[in-house]
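In what follows, chain A forms one complex with chain B and a second complex with chain C.
Presenting the complex of A and B:
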């Protein structure tokens, strides 16, 4: 077991533990902090996958912008103690989630051994490759994302201006 | 597959599917809309991790491009979801998912 493996196991334990913290802390503000830890752990995992630019974007967009957005919105709400943060039939829901998890693992692990073709390091994907692919092969999707973001901007403004409900 | 502890694509996929299932469990068991949105972000991040892992182990930049698109969609989704949550809070003075059943046209 090399240092790469040890780093992977530490990062996965931190990320999965923080993800469990997101769903088990009763107070949403602690969930937001745990979400920031999960995002940072995943950014470090992108580093181990040699996706350096992606790791930077993950830190800026998720650990920076999205988590700050969640915390800002939580600030607007009245953070009184929730009487019952978990929904009623908790045990059966966890049972269902466990069954889906086991089924997906049973599917993914054999499938990934089938599709796992290369193990030797030939040529890692660099940021230059990434930019070249993004602006040539996927340029139409890139433009579509731009239009989508414009629509989202207008929609968020419309939602923020409305007084809640369309009948007043 | 001589050494099961040696990290390969499978390990990343297992972590990714576990993270996805934690997200699904969060959506199922929580009542707070904000925490449900956070769980959705967890699921999107799990998908990002598997995209990046496939991209790395197949030396194919397309997977990383997909991660960019997923990040843009996820940020847009969080913004709209939180805007809806704020609107519902103003109307009903609470952010439980149960209140969303009162929404009509």
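Presenting the complex of A and C:
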């Protein structure tokens, strides 16, 4: 087990723990902050795999922008803290699901350490390669996603305007 | 980190020194800010403690540490205490990727009966091929510290300041990122070290199939991208929450914004975060547009300086270290001048109103940066195609 493996396991524990925290924290703010830690952990993992561009984009887009917006909106709405993460009848079902998930994890993790996880480095993909593929081979899909995002943006604006809002 | 124990030890010490250098700049900058503001406003400033009031820094540090640690009753204690640390981390992480000088080459040597080396020690904490992406990524986490501080204080003014801060940072990050695109297109790399290498020597470019060269002008990015440099510099002001963009604090309306409830050392850590962002901003402007650690005298290239040092001290570690020191001085001078501009602007311009701030970000800076990208693309295509 080399030093990269040690870092990989630390990062996995942090990311998985934070991901569980997203679900189990009763306070929505803590959940959102945990989501930010999960995203940063994933970015750090990409970093150790020398996928620097992906790591950076993961940080900028998810941890730096999307989750910041989540946190900001949650803080604005001042949601009340729930007394417990799950309530009523559902708890037993969720508990069962949790036990099944934990059991399968307990199986998968030891197996995957033996068979699947390869933390050694592959040939690093440069940004130039990435941009080349994006703007030649997948240019149609790229543009289509751009149009989709534009439609979402216009739709969100239209929805926000129809209720009146704070500006006229 | 390194191939053997000595290299790992050197690199660890180096990382610690770079971090401490950054932290130690903060009291000096506070002093410069107070004396500078006094100079601008025709006052004296702190001049009682020690020569030029320099010992005031130590007195302040002692005061900050010995103040009562206070947590308001309404606050969320854990997040309230964590926020100053979170605010400090992104700036420190971002500073780690900025190249400070040329690498030092250490010749093989004997120590404790073993032979070690040769080593090449980079003068930056981490060298990576996508430095810019990394810096943008970690500095985009800066919003969390302010948001958490504002919310966890349990105070309306703090919350309003925090929400202003995060909205402002997200808005200006767009302009910041797009302002760099122009310079990226010219250099064609994300690597800060390569970028600095390309800015070496006299100002030269190709246009319409002919090569031009101006022998007395350095080959710096600001001559290729004057508009990009200006837009980037403005966006860094907004990112570090300095006047005229200090809406998150705006003591007139919000007491002190997100750090209303903070005092003592916790307050100082927010200060360090702010000054850290300033230093990262100044370092990036230097790296992108002012030739990084290169000397402004075009004949003083790396090879020239190294040969000069070798002529006086012979080839080896000393010559390499002297060259590195020379370039480190130029980097410090450039960053110092830019930091002075930060302070100068703060005590010259008044604060924006909130809607004018958003207008500037979204309706002025964003179109101008996009226009700069388009213009650069057209000129590059035109100039390189013919």
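For the reader, a short list of remarks on this structure follows.
One rule holds in what follows: the second predicted complex is superposed on the first by the 122 of 168 C-alpha atoms of A that agree within 3 Å, B and C clash if a C-alpha of one lies under 4 Å from a C-alpha of the other, contacts with A are read in each partner's own complex, and residues count from 1 in each chain.
Everything below uses one rule, namely that a contact is a pair of C-beta atoms (placed from the backbone, for glycine too) under 8 Å apart; a residue touches a chain by one contact, two chains touch by 3 or more.
Just so we're clear, the structure is a prediction, and the values are computed from it rather than from any experiment.
Once chain A of one complex is fitted onto chain A of the other, the partner contacts of A:56 are limited to chain C, with no touch recorded for chain B. Of the two partner chains, chain B is the only one that A:12 touches; chain C does not reach it. In the superposition on chain A, contact is made by A:65 with both chain B and chain C. Residue contacts after overlaying the shared chain place A:105 against chain B, while chain C stays out of touching range. Of the two partner chains, chain C is the only one that A:33 touches; chain B does not reach it. Contacts of A:152 after superposition: chain B is touched, whereas chain C is not reached.
Within the superposed three-chain arrangement, the count of touched residues of chain A is higher for B, of the candidates chain B and chain C. Shared interface residues of chain A (contacting chain B in one complex, chain C in the other): 53, 57-58, 65, 69, 76, 124. The part of chain B that touches chain A in the complex is made up of residues 1, 5-15, 17-26, 28-32, 34-35, 37-39, 41-42, 45, 48-49, 52-53, 55-62, 64-65, 67-69, 71-76, 78-80, 82-91, 95, 97, 105. Here chain C touches chain A in the complex through residues 79, 128-130, 133-134, 136-138, 140-141, 143-144, 147-148, 150-151, 159, 162-163, 166-167, 170, 173, 177, 190, going by the rule given at the top.
Considering their complex, residues 29, 33, 36, 40, 43, 52-53, 55-60, 63-65, 68-69, 71-72, 75-76, 124, 126-127 of chain A touch chain C.
Taken in their complex, chain A has these residues touching chain B: 1, 4-5, 8-9, 12, 15-16, 19-20, 22-23, 28, 31-32, 35, 38-39, 42, 45-46, 49-51, 53-54, 57-58, 61-62, 65-66, 69-70, 73-74, 76-77, 82, 84-87, 90, 93-94, 96-97, 100-101, 104-105, 108-109, 112-113, 116-119, 122-125, 129-130, 132-134, 137-138, 141, 145, 148-149, 152, 155-156, 159-160, 162-166.
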